[in-house]
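We call the chains A, B, C and D, going by the order they appear; numbering starts again at 1 in every chain.
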């Protein structure tokens, strides 16, 4: 088992003929991801690397190849449109790698995706990997291994660091999900925690947070209330200087300054252990799984 | 019993201080409708006819007086906003009497109301009456009487004609609903038919249609498939001259010209009897209830 | 409100849709001059608010100025579905490699705007829709999001598969068509045909647009496009005072409140052997002046032999109508006999008002219609 | 991107919000002249991208031109939260009968724009929110519908109950504030205070606006509002090449890919007893030129005693980074010792590139950070 995607997932790449799209499509193919189609408007009828059929629209790719998930590598200006197209064409899992998507666009896009009953991961995220089965996105395949740890993170490369450390320490992963660091994202910590909670393969969970917002605090309270599996936390940004924050609205609305100290305290108040260093995470997992 | 509103319904009037709003508020009060509040922005704190409290916003009226339904008499330019305000404030039944509301406004407004889980009747409709219990709108109270016939109609005054004839013939009504004649309305024939189907008081249903669109045809098919109670139809506009129709899009999309002849034929094909004259309707009801 | 092809073309052009040149003429001389200016072959098209112009002889291809003048003269003498042709559009004839169809309409059933495209454009589009519906591509526009870019793109690639250049042009036109619809407050917009020129460019040759009357109050610039010449004076007066009036061929003039009741009344006039002279709806919030205007409009129709009032008061108050009838009888000489049926809101006050002015009123609709039909027959 | 108060005021004014007059001065002489023009009492306000200006002495009330010049000189000499004040806003002092607060912000938790209003405006608004949250009125804007008229009206009546005139003015300002936010691509807009003048008119006295950097590519007119004077030259260069760079007080220069890893690296530097000299994220699609710029920026900071590369390749390819380091070492003289840690995508190629150029690379993050901290201490 795994969450969100496994070896049966039929994957489409939007922007497959671009620089990043083609590079990572090959990485995914190499990893074993079932890439059944690509989409680049205007390049319909071609084949990517002489094998993967390319279509002008997602609709055609879904009709012809039965794609159920899509990974998006199109430029920021077109990312919202690509996400909406995927959701509108019946794709149920959309992973948006693209960074730099305007936040106001994402407000509408996230609603559109949920109105269409799909799940969006990202944008500005590394995607997900269910080790040994499939990967959708840019997480390097070699750092992960199958196992009992679920990983969810707002970060990209920091996730790799932690996953790599887990693997080296002998703790494989069920699924590693990078949910993205943007203010407005499709899938949040709590969605992933709930999915890991019901995933039989997952026995412990690593949650990697950052400064800003109050997602970690909400996750901490959710863990205490609704999760039975052990969770280990890490929060980056303890040395971040206090911002030259202008305006009050953010603090008024969340009742929070979003500092790492506040997040770490909230985790601990809610019974979640927090590692000090990324490479310390495997030790905490060891004791969680041992206990 | 009745559908949508009964004697317990706590009614708010939006536009209570206007010409039409105040006139019909008094008519409703006289009929026994529980009018618990009025809303006219800028007149909050006043009392209508020294009794009904007036508020600036629907929210205040709901909080202070527990209104659950609203009847809207505001001018066309503000009607969509008034409807949205009611839906957003937790009003569950919204009856919009106002005519002349732009169709493109209504597309968004109808979705907004359903997104908020409310029911909209109208716009450009006479409202509804559950005889002996309550009335919301402008249907004259004296023409109706309690009884077993449910009436649903796209028309206003034509409805009064039929209801009045039913009452004179001794067939009272459970609820009479005028759904409005505009292209985009909140509650359609099928919604009302389904409500009558499960209403214990209703034993037979009168459906009054008009030329234009394909709502009657859809209702006819729905009656055959899903309704157990007898339905009598009437369609106005058999002598309407064929329009000087420009453009094809309407016909392409509905596959229908929307003539009275087509609608009457579809009713009969689906086993629904159709009266030739409004005053003939009670005869058909007599045989439906007798049979 | 319908607007003319030349006006719709202009609105589409303002939104950036490629519309070929064209000018309007009201005389054959003007048409000839415009044709001379363009040179070569021109199309002359009747500008009239009715479909089926081509089959009625309202569209002709002219070679040079002289022929343009001749054909314009013929077309300007036509009457199409009862409407006189007072204007023609003169436009250079286009070379056509392919004809597609694009349309957008408010769909009552689904409650959204539906965009439609077909690569089988032209005058037989309804037949295409009926016989090969799979050749009509549709996109529903969620009113909460508006038209999304991928939807326009999808229609473009459906229309011109394997031709990314034309697909992108078409996607742009679809977006602009939708914007034009929303900006104009239209309930229908069509481009038929959307032609491909021999060099692969898309051009909107013919355009149709119906404006939602309810949008006009906030769009004075669209209201100005109304062509009063295309309506009868009675229709113009009716609209000015807020009545809905359509002239018909019969002799029983009808004044009714509410469109449904008005249609049912006409149906009943026919049922009892009469012929309605008009559809006239005085609408909801009636006031006495409206009734005066209604009577003035009906009495101006010399075919009317009998006048029938059928009023069921709701938001319309019977006393308002009664006052109007009394007032009108003071202001205008009404020759045909008037049959008055009214019931509902303030019925008693109304009967009192009418009776003090020497009128009588009935309450039964069937009876009133029968009487009005009978009176018309007596005065034939 | 932050913009200055005077720029935000101008954007709000363009949207029809009543903003009192005011002009910007960069010298005390200019400030004096502006004050003379207005006459009477003026407010002098530091234009700087930091909160808490008032407490830092950056806002003063001056009586007449001479005092304005004096206060402007004092304020222009200030540094607020590390930022030098290079501009002041000079505006006539307003008579204030009441102060309210209006704000709009993208709320991460609910995924919508939230509008906020409070009749308890002024500098203590966060305290109001914390102690009496019921005095903060909120409206969530469903992104599918945008701000609806009734929501603006509701906030207006909440702010000024029983005062329909001011409630309507406020509702209009709320609508315009939201429009200004959307048009500018802002993630935060505030008017604080929104004052009532003694004659009952509302005026936006102070305005704040944060622009979403991701919106700038399609809003060149907003990008032009960027005040490069308010940034260090290094920050300007970093942005030009697409790096995120924030200068700090320590001596270990960090070049990292990814914001989260960059922060974790800084945390680790501190954990091992060092002090990070900067936050520097080379981002996702790195190319060798970016790395060259990164090294140039860091070596320009004379406080840097040790440079740490921490790269975990994903979309960033390690070979790109390696090529950048090699290229930079040819172009620039890099004095501080460089510790390189890289792993992930194309790691092997990278190691090869580095080793052929005489660099060595590590794979363990903790080890690399420890070494870089140690090197910095050796060179102190």
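The criterion applied here is as follows: a contact is a pair of C-beta atoms (placed from the backbone, for glycine too) under 8 Å apart; a residue touches a chain by one contact, two chains touch by 3 or more.
Predicted, not measured: the structure shown is a model, and the values here were computed from it.
Trainee: State, to the nearest whole Å, the distance from the C-alpha centre of chain A to the C-alpha centre of chain C.
Mentor: 54
Trainee: Using mean C-alpha positions as chain centres, tell me how far chain A is from chain B in Å, no decimals.
Mentor: Using C-alpha averages as centres, the distance is 49 Å.
Trainee: Among the residues of chain A, pick out those that touch two or more other chains and give their numbers.
Mentor: Residues 108, 112, 115 of chain A each touch two or more of the other chains.
Trainee: Please set out, as single numbers or ranges, the residues of chain C touching at least two other chains.
Mentor: Chain C, residues with two or more chain partners: 142, 144-145.
Trainee: Connecting every touching chain pair, does the picture come out as line, ring, star, complete or other?
Mentor: Its topology fits none of the listed shapes; call it other.
Trainee: Strictly by the criterion at the top, what is the full list of touching chain pairs?
Mentor: Every pair of chains in contact is listed here: A-C, A-D, B-C, B-D, C-D.
Trainee: Taking the touch rule as given, give the residues of chain A at its contact with chain D in the complex, in rising order.
Mentor: That would be residues 19-20, 24, 27, 76-77, 97, 99-104, 107-108, 110-112, 115, 126, 138-140, 143, 153-161, 164, 181, 183-184, 208, 210-211, 213-215, 218, 234, 236-241, 244-255, 276-279 of chain A.
Trainee: Where on chain C does chain B make contact in their complex?
Mentor: 2, 49-51, 81-83, 101, 103-109, 111-114, 116, 125-126, 129-130, 136, 138, 142-144, 182, 185, 187-188, 190, 192, 208, 210, 212-215, 217-218, 246, 248, 256-261, 263-264, 266-271, 276, 279, 283-285, 311-316, 343-345, 365-366
Trainee: Provide the residue numbers of chain C that touch chain A in the complex, in ascending order.
Mentor: 142, 144-145, 148-151, 153-154, 157, 161-162, 164, 167-168
Trainee: Per the contact definition, I'd like the list of chain C residues that touch chain D in the complex.
Mentor: Counting only chain C, the residues touching chain D are 144-145.
Trainee: Touching residues of chain A toward chain C in the complex: what are they?
Mentor: Residues of chain A touching chain C: 41-45, 56-60, 78, 81-82, 84-85, 88, 108, 112, 115.
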